[in-house]
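Data block below; observations after.
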Amino acid sequence: MMNKNTFALTPPMGWNSYDYYDTAVTEADVRRNADAMHEKLQRFGYEYVVVDISWYVKHAAALRPEGIQYTPFDELAMDEYGRLLPDPNRFPSSRGGAGFKPLAGYIHSLGLKFGIHIMRGIPRAAAQNHMKVKGAALTADRVADPASICPWNPDMYGVRNCPEGQAYYDSIIELYASWGVDFIKCDDICDSRLYGENFSGWHETEMLRKAIDRCGRPIVLSLSPGPAHIDRASFYQKNANMWRITDDFWDNWKLLKPMFRRCEMWQDHVKEGCFPDCDMLPVGRIGKVFGEERMTRFTRDEQRTMMALWCLFRSPLMIGAELSLLDEETEKLLANEALLSCLKQSAHGEQLLLDETAAVWKNEDRVTGEIRIGLFNLSDEEQEISISKEEISETLTGAETLKELFGEEDNCFENGRLHASVPGHGVRVYRI
Amino acid sequence: MMNKNTFALTPPMGWNSYDYYDTAVTEADVRRNADAMHEKLQRFGYEYVVVDISWYVKHAAALRPEGIQYTPFDELAMDEYGRLLPDPNRFPSSRGGAGFKPLAGYIHSLGLKFGIHIMRGIPRAAAQNHMKVKGAALTADRVADPASICPWNPDMYGVRNCPEGQAYYDSIIELYASWGVDFIKCDDICDSRLYGENFSGWHETEMLRKAIDRCGRPIVLSLSPGPAHIDRASFYQKNANMWRITDDFWDNWKLLKPMFRRCEMWQDHVKEGCFPDCDMLPVGRIGKVFGEERMTRFTRDEQRTMMALWCLFRSPLMIGAELSLLDEETEKLLANEALLSCLKQSAHGEQLLLDETAAVWKNEDRVTGEIRIGLFNLSDEEQEISISKEEISETLTGAETLKELFGEEDNCFENGRLHASVPGHGVRVYRI
Amino acid sequence: MMNKNTFALTPPMGWNSYDYYDTAVTEADVRRNADAMHEKLQRFGYEYVVVDISWYVKHAAALRPEGIQYTPFDELAMDEYGRLLPDPNRFPSSRGGAGFKPLAGYIHSLGLKFGIHIMRGIPRAAAQNHMKVKGAALTADRVADPASICPWNPDMYGVRNCPEGQAYYDSIIELYASWGVDFIKCDDICDSRLYGENFSGWHETEMLRKAIDRCGRPIVLSLSPGPAHIDRASFYQKNANMWRITDDFWDNWKLLKPMFRRCEMWQDHVKEGCFPDCDMLPVGRIGKVFGEERMTRFTRDEQRTMMALWCLFRSPLMIGAELSLLDEETEKLLANEALLSCLKQSAHGEQLLLDETAAVWKNEDRVTGEIRIGLFNLSDEEQEISISKEEISETLTGAETLKELFGEEDNCFENGRLHASVPGHGVRVYRI
Amino acid sequence: MMNKNTFALTPPMGWNSYDYYDTAVTEADVRRNADAMHEKLQRFGYEYVVVDISWYVKHAAALRPEGIQYTPFDELAMDEYGRLLPDPNRFPSSRGGAGFKPLAGYIHSLGLKFGIHIMRGIPRAAAQNHMKVKGAALTADRVADPASICPWNPDMYGVRNCPEGQAYYDSIIELYASWGVDFIKCDDICDSRLYGENFSGWHETEMLRKAIDRCGRPIVLSLSPGPAHIDRASFYQKNANMWRITDDFWDNWKLLKPMFRRCEMWQDHVKEGCFPDCDMLPVGRIGKVFGEERMTRFTRDEQRTMMALWCLFRSPLMIGAELSLLDEETEKLLANEALLSCLKQSAHGEQLLLDETAAVWKNEDRVTGEIRIGLFNLSDEEQEISISKEEISETLTGAETLKELFGEEDNCFENGRLHASVPGHGVRVYRI
């Protein structure tokens, strides 16, 4: 049996279609972004190209003008076993039963990896029409749990906890593995606060784990939405490679500030193959199909704050920007090698301090001993942030020089303390 | 416009198929019970014959051996507008589009009234198949709310709060009125504690009210399940004729004892056209299709306690027993005219006392001045229950004679107090 | 035994010291307001003069500059049995053990009635010092429940549910009755949402009821703070004469608007001797000791809305203004005889309609048949409010003339509907 | 500044007076247990001798016959600054202002360490009597928060978050440090679920941390009761050395079984100086002052299960037994050196499996590579528990021999799996 922790020794990095394309991404869009990532970002560690929600929906986004994100009871592309297929209009290479195989093949040809989004469960249409389940004696109406729905997306029913349910999950993972899928982001499965006590997502997560372990392909498993429950941390560790510790994250300071507390809560659970996930980086050009195409609303300082926190904490890094439109400033932010070295297997992050106006993070390489310190200003106005060398490490002499990783002025200890004047919502990250 | 409070000036009385037939009742069963009611109980005020849940389901109860009450994604009888029709196999007279008209006609011919159970919402199958909605420009997939489901029954989706949703409710009430339906018990609509904050049952209740007011037929509206929310009492009063103040009630002392507190909570809300509902009387022969056919598990004393509480409080009285198998003892209980006079329009009930071991109820006819006093023993052993004449009424002299209404010994005041030795779980009801 | 419902056949009306004097009211203040009430308002039904919180505290309000309303562990005036006495500095006539007897006597001499505020429980100082409890074998340390405190006032501990606890309550009511107290507002006893499940206020309320019933004086019992729990309505009805249905009410539209829903929730529970209480009327000159002396912040229209709602619903009317500074406009508002007739024993209030922007109330005299209709505009801008004559009463002909009770233009039905253009936050009340 | 994590590099071990002596422990009892520990257990690592609750109460346990554990408003021994002192009747060596210094001295003379229990806050009596606070300008009535009480113990008020509050905490820690206290178990401070949102225990914990850091003595800080909140794990890590992850633990299987889930929840938070605490070991002779003197009700198998879980997880080990009455079997259990080596600084525990009937724990020494595996049978009947070598470690060959640490039969892998037949509620622990 494969050990799922070997599938992702460091936090997965890549691109996801959601922030720009919402439910309407096409094959051409995916290829264009894969090409851009290959050209500009692959050498820094970005490798996953992920097709997000609704790729199987035939009229996705068609009702958008009326404000509905997910068309209810839309026609879905699926095979005879109720397994979803790419919408052939948006993904032409999938025609004739090829599924995502050709697209995955193209992405693999660039040296990249291919990922897809799925919703927990089995299509409502499959249940209503009593479709066959591959490898099972029961039809979909008996495998589906009619009381287990997603509150915000109308496509699926939850799957009952029975052998035929496992057969269904085995059948879809078998299909997706045959296409060459390397990464699955399963949605509607992580935050059981949306649900009553008997949330079927708990056993469905275990079924997915089993199905992947059996399929022979090391598919990274990512769980959404969030926030995941800290009291079930070991459940996620046993079953998934990454899990969201926040609800959907966007370019809004009100969402960014609480991430400091969330990251501290999860910092002891960042391990090989186990990555609490801060969600996508809404940087660069985003929001098109949502009807709000824009450059990220984050200021430059806020972008640095986000990037620094994600790296010091060691979150997965999934880019939300349309990569073919990537501007130089954003590219530089994403390709900050000194900062990205926080993600190495030997590194570990820890929040040293958090109050209403400031936070200090430390990321230490346990092999090299290298330390990265982030001084964050969480208030709106410039202020001085400071910390003593003892709080950073008992082995510091105070004579060290500190290099700022975003190109700001370097620094040193004064009377045993590190001081920096940091702009509102901004950060200084020093390497010691 | 009709005034719905005139539809039921006193608490509705009748028979309901659920306690004996569960989801499997047939036309023959309904006729048999109507005949029995006509013969034995009609002259005491019982008049509604109500067909309970799943009359539109084609394989109802077929999966019962596996313990499933409601077959998921079963085939439902419906017309071109997604309006449910009786299963023609179980209700043969409905064939050819007649619906319940012939059965209702038969029941009317006996001088009785005809009622049906409905589930809140529009069939899931109608939404999945994009069926037409009568009188609306949108199809069922747009009228249905995919996130509004019943947690225990798989048949329906909730209806959105829009003109097309009202059109759907208008269309079903129009159909049911055309059949001659006199009483609708709408399920999955009353206890919003089963749901999140945005329970669509609130607006669906108002849509039902509007649809009935428009239909021209005085159809009594009964809401289930319970417990209804006391803080929304005036909502129920404005929109319904009766509403359940308890979850499903069965022949179990643990369910009967808490009814005293519930009734006290609702006693000020019993009014013309507005009846908080204690649920069916599980007496006589019940439980057949549930696989537990039996005589009620309530002792004779418990049956009297239930009947006395329902009457003194003025709850609707819906009999659960198969009436063709009605034994003499039960018939006598249900036909206690002296007790049934508590239900008169001029009467009002009030709990004078409640503690862990005893309760005292008073029901007073505001026109005749007649008073009924129930002394209930809520403990397991026989004990004396007592109350002073002042607590009953300031106008009593203490010289009154008190007739026991179940045929037990009559009584009188001693030193201004009424005492009675009452068996465990039992009651004495006196008329003053 | 006395019947507490005879103590207040109609909603109590009067003046309360809190809104102007907070914790610092003096004997001179009380006399001044009694005089003013006698002169201006007594003939309209106002009769209670109530001394609110902290009359027993020796340094009350001394710490106000630091923002503390209730000085912790302050010195309290009390007798040898731990029974609180008026602070002799603020209430000079109480010296020498006279208590409130002289002040009550003065108020009675004006034909008015005298009320005091008390906190639930027994003084913390009495418990700490093991003081005697009159008529009990245990000292205060054993009668007090050390885990039952008020979250916002430091003076008292709750009283245990035991005979010695009842003896304590008997002893204080005996004392207060001997002074001539006619009205007790007991605080920290009504809203158990402030507390855990085992709130001792439930049994303390019953102890107060018993103590008053035994004391021989018909003392009106008022419970605070709120909101009281609608599911325990009959508990309040059995034990108190009035109980708050809201938290502290002040001159703020955000507090006034929700009162419409609250009143509807409680409208069926307004009865002889039982009055759900909307709290004081913060009109005229208020706020002095709170450091915000002002004329009420309510606009004239908002004041009418409040006064109309309180009257149509039949709430107690307790004036918050310093009465010696009463302006003509406010006096006219409080002395609106036509509106005050809604409070008569034979009247009953009911909300006919409530939505986000409007409300309609009906108050009907069940003896004379006279109807009062209030059309409230809950929106910020002037708008037309309307209602059909059928919704008001089935017996109206539509030819009636409608007199506006605040002196605005009279009205009549047009095509069976009553229309009125009402200013934002305002009201029109018509007598039919 | 001292680093509190150096105060306890491994889980603290010792004896606590509570399980046998409740509120009534005396100096003689403490010395007797210290002597016994010195003789029998000190060489295995047990070193703390802890005096639990109510040592300052003058009539402690005097009211026990009436079922009250903590006498309300009892007389407390304290100095002029409201700092609690040992009751001189029970702790004679404390007379003349010596406090616990002589007793601590005796314990130190045995090479052991001395600990005391304290309640969060400042004595209610100090607040009521406006006592001085050492080093502060305000008296105790202003430092105490009258709304912050312990729900189950009547001695104290919480301390406000202000400099004078810090001064109070500094003053008590200074006193206790001067006595030679090495360990403080602070009660009523850990489980904020007992409280509302504004629980003052959060800032009082930080005040204690600061006071200890300033006092110059490395006093281990232990927080009670539990369960601590997993979402605040880093708060406890920053401020305390150990914190309870359970409510009071006693000799009852219903309490022991849920500890497996609790330990898994906290396993990633066991670190140098930071020990989630499973509470005392209720073994041997316990319960005397509770009126239920007995040998532990745990079976021998359950005792092993408890001891094994506490060790594999690396909980502190505090013995509840009266040590002078220690039987041979219990002594052997507590002195199992092979098992106790799980507590070493280099070891780490992890639950590999947990379901309704079984659990498997692994404890690995990261320096020596030695692995301990516990196979727990959580069901009532004997059954086989099994696990694969891959699940234990990827580096195992399968040829290893496995020594059972309680003296049961040794074992080996069969076809790559470890199997053991384990009695109900029992355990087998193997060293690999």
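Labels A, B, C and D are assigned to the chains in the order they are written; within every chain, residues are numbered from 1.
Throughout what follows, a contact is a pair of C-beta atoms (placed from the backbone, for glycine too) under 8 Å apart; a residue touches a chain by one contact, two chains touch by 3 or more.
All figures in this text were calculated on a predicted structure; none of them were measured in a lab.
In this assembly, D is the chain whose CA centroid lies farthest from the centroid of subunit B. If you average the CA atoms of subunit B and of subunit C, the two centres end up 40 Å from each other. Centre-to-centre separation of subunit B and subunit D, using mean CA positions: 57 Å. Subunit A and subunit B have centres, each the mean of its CA atoms, that are 52 Å apart.
Within subunit C, contacts with two or more other chains are made by no residue at all.
Taken chain by chain, the contacts form a single closed ring in which each chain touches exactly two others. Listed in rising order, the residues of subunit C touching subunit D in the complex are 72-73, 124-125, 127-128, 130, 141-142, 144, 146-147, 149-152, 154, 196.
The touching residues of subunit B, counted against subunit C in their complex, run 1, 3, 230-231, 233-234, 264-265, 267-269, 351, 390, 394.
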